[in-house]
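First chain A sits with chain B, and in the next complex the same chain sits with chain C.
Moving on to the complex of A and B:
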């Protein structure tokens, strides 16, 4: 135990991901003596990666790049309608894409390393565990132990993909999002089990690069998101070429002598058993927080029995006064990089005694990068109804056609916008949903509008930029209540 | 006893030859603007960085190679299509890098001894 008042560090952060790095760098800049511990336990398949956490290595970054690869494939097909002469068939080489993506990720690992060094944050490639509320044990890959003491401890260890617990062969033969971005060879014909955004985004880009892809959904897609929008997302994916096995659960995975994987599943609606062979099985059935090996029970940090996440206050504090937790391991927090970064920086300011500002987790915009992208900010329709009553809200909506789809003769049946407003008072916008190309880019500005309390009259008074898909948001005027056809016609 | 091999090259072709002659070895490369016959480079940052880089060379791993590469005259370097910029994707001089990895230090980063040491010693 360290002498009272004298710790090795003012702050030790366990976890070098989006949140951990932002918090530690900010704290160091504010004059604190900081160390960050980052350690990647290899996946069941043996995949490992460098500094930066999930987003940089096995999440947002490689995902968006592979999504882009898929979109480019569609663009090449469209290009011919626009006059481009492309001789022969266009095919995709997984290794070329994977190598480029992996090299970029490695440059980010290095970039983070340089930044930590530059900002005088001590970086330790050790697996951290709590010994007591001021002491951390760090274990190296070789098993060597280091003890550190800290005035404050921040837990930002994030999460890892779950494997199903009741499917024989799942672990031996399946992969997860931890592995897909690091494969050197194409995954080939793939079964994606799950219907979260991870499952749909992966299935989306795999389909887009030309692989035979099936999504197996137990119950609903995009749980937690507006379900009308989720339906349109999967409708588009089905028309785009992704196969779906609805209301189905896998029962076993076996490897055949050919090397292929045979998956057996049950359709829970019909009760019938089916099977098919695949080259790869990607489990995207949820993520669990990295809290089991932290020694939390020893120190008295309370976790949720249901989720395993750390129970935190509005200031990210845990049940132990000098121990904080944020990012994906915080109970009730969004599992997003920008919220982790911002929360981490604000936490650093509070710990350095510079401010008391708390993180605002409301109205955080997000985008699902499926082949047709879905961006949203604010409430879903069902949540808005729950809070304000069906009569308390007005839902404006429109089916529109992006101009770029016309010449390329692409189907725009799922390009859709929904603006949910309070019916009375100043008609404040409660939620905004956009399904279409570049949804993330379209939506960012609107999240500022929601932050400022934008109202429906303000929306309609704002002149659109023409010709864009985003302008359709300013022009939305047909209500669901009217029952009129919401298809946009002409200019 | 010196643990690493130092190689001096001029220009892109010589650099590539030095690399291909040493397959399988860990290679570090330092790119600098050409030195004149008095040993002074036209690149002021290179002049400043060199003693700092040399100061950390005792940390180079055993069996590694350190290639000191003079890229060319100022006019050659300024051409955006020179081979170093086009093929090796160098953006400035001095550049210190671990060949075959994205690990590199560019310009003012080379003035920081701790970053140079980090490049030489960390995985």
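Moving on to the complex of A and C:
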């Protein structure tokens, strides 16, 4: 704790998202006097939300719920093959889903408020800016100013979706992930521009609930992910009903007298111009960190020229000794909730002088919640090759068919597993990739295995649970090197 | 959906004490209103000169607080027309709940709370049975988050019973019609 009377707070956290809340609550529990500032600047369309950050309000939570809504649509179709008598056509009502999702998110906003109160963290709905390395200026919505001083300052302001800078009509007529989950009415026929996981997940659930959806990809899908797996993900989406415009870039968006949006684009491969009308245009072309309005240059906190993110050390420290940054605004950090939460808690422990443990950002498992889910942990094949050489790795793979797909006669062409191991030594597993239903649930246990340094022999010695899709991971034995057909046959 | 949680007895008592403590801040000019109401009866018992000086100050206090003079009449009208109402803002809460002549049940609820939708109509029924002897103030915790936090609400529905600006009772979660009737009767003081 700081000497009495020196600063208002031991710790002030700017940002009430996954990272900021975890850090502030942990610090308060360790006896620190903590305040958290959270403020949501409305989106260009005017959408705003409560406490909890991106994950709770415009990310993970509403995304997963809408993904579930879409999966249920597919399940209803499958159900008939399993004997369910469903009369008439089954249709989806956006408003019912949106209201239910929005209500749940609001309950989380409240829950977070109560938690801060319980843990004795001062909550301030103010937009925070650094005045000097111990002083923060908080601005309320009404423009009222509050000054706070703190021994330590933590920046966890996260990011916001980018709009394209060179497409006339983009801002006036388009929406982003900040808006889609809060729409009261269906977005209708939608163009999703981008091929990040945000773009593909949104396009995926929009298709799943029955909307005419097109994805416009400039170059590649799921940049940063294993590209073979990314290809299978988009193959599935195409067969599932999502349209793709590959190697295309939008040039302008105009509103027609009918109210519909006319989008004109160029196919960069053919050079041809095309256009079509949509009800909504969703920009998913990247996110930028919320560091511009923090006053970082005034205080000397260095940011990356390329990304705008705060340059941080292994202990989340910035270039200014008592100022820290983590979560989505940390340069080189994964943009994930669980890593932000864990990093925040460890940081709180270090700031309270209770430990020196650093956050381990290696082997963090993730899942892309596209219609056919893709879960992975560890290295991509290309990265493993880069580090160990093509001859230094062995890639085991298999195409499998989930049992549930059989009766419902669903195409399992993209249900695929890849296990990348070191070729020599104890054949340590370097990366694990699973494409199939419930990928997130399947993969979680395997991330523990990687954390423990699991090897290929250990994997094959572990007996699978039958009948599941997960057991196929224990049974992989065909190598890419062999050139043999990796399709799993029967029991 | 937030499920109703039953706090422990000692935590309940602590929360009521803390609530009462916070109310002191709100009640600064409420006290003045009360003094004016009490004054005629206390004036009858006054004999010492020290009290006669205090008798001189009330008139100035009364003039400062002339709006409250009209309050009892307005409240009476409200109690006849609006036994159950939605709280608009902090001032509204102070005026219609803390300064209410009637006992008031404060129903903290949320749009996303299923049990709240069940309790709401039951409360209305229980209040209506009392024919104007008790009022109900409805507070949407998403619209009035600070107020809800101030009153220590964590789970919803939470119902707080207030009489003369004091918290006299409360409960969390759903109650059936009979339980509500006895709760309301107790609050009125029957």
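Note that in this section the second predicted complex is superposed on the first by the 486 of 491 C-alpha atoms of A that agree within 3 Å, B and C clash if a C-alpha of one lies under 4 Å from a C-alpha of the other, contacts with A are read in each partner's own complex, and residues count from 1 in each chain.
By definition in this document, a residue touches a chain if its C-beta (ideal position, glycine included) is under 8 Å from a C-beta of that chain, and two chains touch if they have at least 3 such contacts.
These figures come from a predicted structure and were not determined experimentally.
Colleague: Clash or fit: chain B and chain C on chain A?
Modeller: Verdict on chain A: clash between chain B and chain C.
Colleague: Please indicate which partner A:360 is in contact with in the superposed arrangement: first for chain B, second for chain C, both, or neither.
Modeller: Neither partner.
Colleague: With both complexes overlaid on chain A, does A:117 touch chain B (first), chain C (second), both or neither?
Modeller: A:117 contacts both chain B and chain C.
Colleague: Looking at A:106 after the superposition, I want to know if it touches chain B, chain C, both of them or none. Which is it: first, second, both, neither?
Modeller: After superposition on chain A, A:106 lies in contact with both partners, chain B and chain C.
Colleague: Taking the superposition as given, does A:268 touch the first partner, chain B, the second, chain C, both, or neither?
Modeller: neither
Colleague: Report for A:444: first if it touches chain B alone, second if chain C alone, otherwise both or neither.
Modeller: neither
Colleague: After overlaying the two complexes on chain A, where does the chain B footprint on chain A coincide with the chain C footprint?
Modeller: Comparing the two interfaces on chain A, one with chain B and one with chain C, the shared residues are 103-104, 106-107, 109-110, 113-114, 117-118.
Colleague: Which bits of chain A are touching chain B when the two form their complex?
Modeller: Per the stated touch rule, the residues are 103-104, 106-107, 109-110, 113-114, 117-118.
Colleague: State the interface residues of chain B toward chain A in the complex, per the touch definition above.
Modeller: It is residues 101-105, 109, 112, 114-115, 118, 122 of chain B that touch chain A.
Colleague: Using the touch definition from the top, list the residues of chain C that touch chain A in their complex.
Modeller: Residues 1-2, 110-113, 141-142, 145, 149, 153-154, 156 of chain C touch chain A in their complex.
Colleague: Help me check something: in the complex, which residues belonging to chain A touch chain C?
Modeller: Where chain A meets chain C, its residues are 50, 103-104, 106-107, 109-111, 113-114, 117-118.
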